[in-house]
Amino acid sequence: MLLYLSTWTEIEQYLKRSRTIVVPIGSNEQHGPTGLLGTDWLCPEIIAREAEKAADILVAPTFNIGMAQHHLAFPGTISLRPSTFIAAIGDWIRSLAVHGFEKILFLNGHGGNIASIEAAFSEVYAEASFAKRHAGFALKLCNWWDLPGVGELAREQFPSGHGAHATPSEIAITQWALPETIKSAEYSPQIAPSGPIREALDFRARYKDGRMGSDPNQASQEKGGALVKLAAKSLVQEVDAFSREAMPA
Amino acid sequence: MLLYLSTWTEIEQYLKRSRTIVVPIGSNEQHGPTGLLGTDWLCPEIIAREAEKAADILVAPTFNIGMAQHHLAFPGTISLRPSTFIAAIGDWIRSLAVHGFEKILFLNGHGGNIASIEAAFSEVYAEASFAKRHAGFALKLCNWWDLPGVGELAREQFPSGHGAHATPSEIAITQWALPETIKSAEYSPQIAPSGPIREALDFRARYKDGRMGSDPNQASQEKGGALVKLAAKSLVQEVDAFSREAMPA
Amino acid sequence: MLLYLSTWTEIEQYLKRSRTIVVPIGSNEQHGPTGLLGTDWLCPEIIAREAEKAADILVAPTFNIGMAQHHLAFPGTISLRPSTFIAAIGDWIRSLAVHGFEKILFLNGHGGNIASIEAAFSEVYAEASFAKRHAGFALKLCNWWDLPGVGELAREQFPSGHGAHATPSEIAITQWALPETIKSAEYSPQIAPSGPIREALDFRARYKDGRMGSDPNQASQEKGGALVKLAAKSLVQEVDAFSREAMPA
Amino acid sequence: MLLYLSTWTEIEQYLKRSRTIVVPIGSNEQHGPTGLLGTDWLCPEIIAREAEKAADILVAPTFNIGMAQHHLAFPGTISLRPSTFIAAIGDWIRSLAVHGFEKILFLNGHGGNIASIEAAFSEVYAEASFAKRHAGFALKLCNWWDLPGVGELAREQFPSGHGAHATPSEIAITQWALPETIKSAEYSPQIAPSGPIREALDFRARYKDGRMGSDPNQASQEKGGALVKLAAKSLVQEVDAFSREAMPA
Amino acid sequence: MLLYLSTWTEIEQYLKRSRTIVVPIGSNEQHGPTGLLGTDWLCPEIIAREAEKAADILVAPTFNIGMAQHHLAFPGTISLRPSTFIAAIGDWIRSLAVHGFEKILFLNGHGGNIASIEAAFSEVYAEASFAKRHAGFALKLCNWWDLPGVGELAREQFPSGHGAHATPSEIAITQWALPETIKSAEYSPQIAPSGPIREALDFRARYKDGRMGSDPNQASQEKGGALVKLAAKSLVQEVDAFSREAMPA
Amino acid sequence: MLLYLSTWTEIEQYLKRSRTIVVPIGSNEQHGPTGLLGTDWLCPEIIAREAEKAADILVAPTFNIGMAQHHLAFPGTISLRPSTFIAAIGDWIRSLAVHGFEKILFLNGHGGNIASIEAAFSEVYAEASFAKRHAGFALKLCNWWDLPGVGELAREQFPSGHGAHATPSEIAITQWALPETIKSAEYSPQIAPSGPIREALDFRARYKDGRMGSDPNQASQEKGGALVKLAAKSLVQEVDAFSREAMPA
């Protein structure tokens, strides 16, 4: 069930049978010579919608701009500062809590978001009376590549050249879902360099075409489809387990 | 040209021929018994994408959560506080300015956003050195219903019962673009009451099914299509005029 | 009744008969070659004090600095950033609410304030427990030129050359109230140019003497007096209606 | 010269002969059974305007709401939180600095403002590039009762019962300037108790009629006039010395 | 009792017999040619620990970075902006209040901290429901040099050349507690100049070696020991009086 | 070299030979029945000071309060909200950068700090002109347990019952450095339960004595000493490598 295509009365009904919602969250940032700028928000959106077809899961609109400061030297990247990102995640959570949602699972598509999302959770928890009003209220972060089995499949599909940014796995997912957007480009070296992440100008100097440790041309629609199917299945299980989580007496 | 389906190198090319970008911006909030929660961000997204088919316009990802505080007593609404919304709009603008965008047009789908968007523009302009770095830099807010001719067409299509929220015109647009999501519901009175907007509980007490002054069942796909075609055409002209706007010597 | 000339015990008494207060709010900014920098806060102050003579209305001190970022390239302008302005309006409201005020009407004298004042209202409403503590609590923005009949009178007095900034109507009001401050200056063209509002340097480049679309030398004390009398009368009615506004059951 | 009664061109002229401005700053808060709520912003305004009659001093509009949190349990008090107050003072300073003001003297009328004003100065100084842009730029806080000779005169006028809040000296000043607002009330004990300042409810419990250590009925118009004359004279000297202050080479 | 060397169960026990805690707070900033950068946080830490040996006082970890903006032109200084400092003090207070502490005494070692600490107290008190939750809750600032008798002793020890920064008294205290860190350096003039405090570059221009009005070579371990002994004794009395302070009925 | 025991002239000298500084950063929070509340800031302080004895490393004062929101239901815990923590880390960094430090390594002792520290780094990097002013400027986070070899040693020392909070390794370190503070307590089960981290009340309900997955009584001074020695040695190497890191041309 997609929240944005529902009416408020349909959500009112949903809340009678479940207090759980999935929020796809990502980033809009450069993904190397062939990756779409939207890759990091498209992947969790694609996986969440695939899961939603198979189970009674409610999917929020996609939080499509995240913390991509280190990619800002590449055109098209849009980033929130961590402080803004934390405030915005907090407002999404507070809005959903008003309606009675008690288990909010963020399905994340961008490694650079993790710190700010976790900080946002603590910021919300720290509100004076939050816990008291919402016993049983819990927030959870799932990176799609950490869903049970998914990392293993990606490593099997791409034993070398998977890398850390503009990876063949994420690009395969967008290729499977949006085949009309497949781009081709040459690049060298075949496997991009690895190293630390500092600020934006340093990032561009180190990673000249935007890739980190990856060889994205290994991506294929078929591999992407396999990843999506597995991730969606695992997500359904995670959502189910999270829905049943309870605070000890 | 859709930014999120492009690579960074494609945006780099675009910036050689244009410094203008369109950002669809809306809200995710209740739209009465039949309207989609996503109505207010879907409408500008639909219009911008229609415009983009006809002209060399770059369209940013959709800013899909806005200032909907007064709708929070209806399930499914997600709102940013004005302070968060202003900060986030500022970060989008700063990111785009880093890449060299000089004319940023926000195509807005929600009346409740107007105050915060305008405040955000002033907040950015107020930054100490912003103007100096970006002579010619300008921000513009266009509500889709204020695009030349569009308001007139809507008043002609819906001479009574257009109203101010959950209007037949906005619902017609989503019906045209997403016919599989058309909902039907009965409501009374046929034309919802009008009045002031205060806080969320007051809003729900005054406008029990979420409509303000509207009779959304007057919407039709055909009317929606006519609105989108006209709005897209007007948007192309607005973008063109804005691109050519210059500060007097 | 002027709050700042009262003792706390007098306000305590007032609160037994009314829960309504009027806050004049404006801006301190350039008003063309002849207008006072204080014009935008003087006008609502003058009107509110005139109304207060005729009815049992409580008038707060004047909020004299607003959002005037676009006028900052003209000496003497003082502006709050929207974020500061929103925070300050919020603190005024919270202070007044502590004492039991339930209807706070901001009588505004500056168009550039509207967005931030409305955003401030939503920011206050969004506070977690605000509505619950104050059922019936409401905030209202009235621009003096939008008070019933006032715009019509101004259009009648100044059929051409009224314009949008440094208007003859606002200058007439200060001339009536503060005749010793009447300034004279020549300017050309007689009617200033019109156009968009961008940031401060752009504003000064477009509107070289600070006027927008106006011919302020049409102002006269007599016209100012008529405007004040009518506005004060309308304000009394607005305050009365607002005081009686109630949330539907 | 009163800024708010000047045009921008008059300020432009003033800046050619001086870079100094005086900002009266106070608070709107309870002042015991007989004191006006506006006492703390009226006093510096009265003194600054008296000084302005005798010397070429530019006086800004009065900053009339300050940090009065501890008085909020008395009706009519309006307070900014320190964080808001600091932000607003900063925006006033930044606005004035844009025009070329280099010496900004805040003439303060409320002891509770001192901490936040000083914190605001440091906040502005801490801005990355502020000092570099404004060599010679300086901010100064003067409490009117600390102006040379003024404290001595007050102690001579009121050897006992001067106290710390709702003092006869501040009330005498408003009596001199606004004789039509003189209030009378009985209170006991004649000299109010003294003690610490904690939060608002504690304050009201300790100081039941709002006075701290004072016997305000000792005030007289004549004593107020003597205080204003002396304070105005001292202010002129302070402004002159501050204008000539320079950073060592 | 030192909190950081205790377990949570020991603090739980302490709270059964006392609701008071002492927080040493200072600054890390230049202290002239011979003073340690840590002087201002070491002094209150040394005094609090001395007091803790003699009485059942709980001492929090030391808040070691304060508001030292004006010292930033000297290497090694670390400063919080006032806004950050206020937020951080607030979080310390809120954390301690959660556990049931009701009397929090900040023992301060830096004059530049006073404004921000007092502003922080008001910021906490201003929180909507704070007072209601914590009747009897109070915050107190003690500068160590203002503890009963301490200022008198320092003036007796250093009748001339005590000054206002890098004073012989504070340096004597660190010499007594940390004799292995005693530094020696020549400087001239023997007594440093005095004057106003503006921003950091101005400060360094006025006070070239960092001293203000002081002759720190007058410090001795013996004088430091006498100061610590007296200050510790006075602190015990202050803590005791503060613990017994109650809001009037 | 310990910054807080140095004079500003000594730091000025140090900066001529190195632009690198180590900041120990931790948290003050419950550490189970036997662990000190200061454990998480003591561990990095102990390791950094051990390293400083063996190499020319500059160690900043310890940042002793971190993000411990989830431990707040246990007395003695003091936590910054993530937003405050991020602001404070930013101010430390900006202060150090003013003096010319270009490589700032935070040696962290608390897992709960990681998200906020990383967010703080991005927040600083995102400042408009930061990168331009400081080419080569870089920030690095090292958790002491991730220093080369340290995790392996801890796993070898404590093959079972190491756990995630109140671990025997961290407690062993404080036992080695502060043997006079060794506490003893009984607890059961011997190995504490594991599970997710939610908000503070949930945490206390799940982990009743504060331990997560650990058996801290396995700690010994000897094991602590071995950990410190190895960690200090690894830290020296990390600092050296970081000092030599350069942005590619």
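Order of writing sets the labels: A, B, C, D, E and F. Residues in every chain begin at 1.
Following the convention adopted for this analysis, a residue touches a chain if its C-beta (ideal position, glycine included) is under 8 Å from a C-beta of that chain, and two chains touch if they have at least 3 such contacts.
Keep in mind the model is a prediction, meaning the values are calculated, not measured.
**Student:** Validating interface symmetry: for the copies subunit A and subunit B, is the fraction of residue numbers used by both over half? Same or different.
**Tutor:** Same, since over half the interface numbering is common to both chains.
**Student:** By residue number, over half of the contact pairs should agree; on that basis which option among B-C, A-F or A-B is the same interface as E-F?
**Tutor:** Having compared contact pairs by residue number, the answer is A-B.
**Student:** In whole angstrom, what separates the CA-based centres of subunit C and subunit D?
**Tutor:** Inter-chain centre distance comes to 25 Å.
**Student:** At what distance in angstrom does the C-alpha mean of subunit D lie from that of subunit A?
**Tutor:** 54
**Student:** Using CA atom averages as chain centres, what separation in Å is found between subunit B and subunit F?
**Tutor:** Once rounded, the distance between the two centres reads 46 Å.
**Student:** Round to the nearest whole Å and give the separation of the Cα centres of subunit D and subunit E.
**Tutor:** Once rounded, the distance between the two centres reads 29 Å.
**Student:** Could you check subunit B for residues that touch two or more other chains and list them?
**Tutor:** 72, 79, 81, 83, in rising order.
**Student:** Would you pull the subunit F residues touching subunit E in the complex into a rising list?
**Tutor:** Touching subunit E from subunit F are residues 3-12, 15, 28, 30-38, 41-42, 60-65, 72-81, 83-84, 87-88, 90-92, 95-96, 98-100, 178, 181, 183, 185, 210.
**Student:** Quick one: in the complex, what on subunit A touches subunit F?
**Tutor:** Answer in residue numbers: 67, 69-70, 72, 79, 81-83, 86, 112, 114-120, 122-123, 125-126, 130-132, 135, 137-140, 196, 198-202, 205-206, 245, 247-249.
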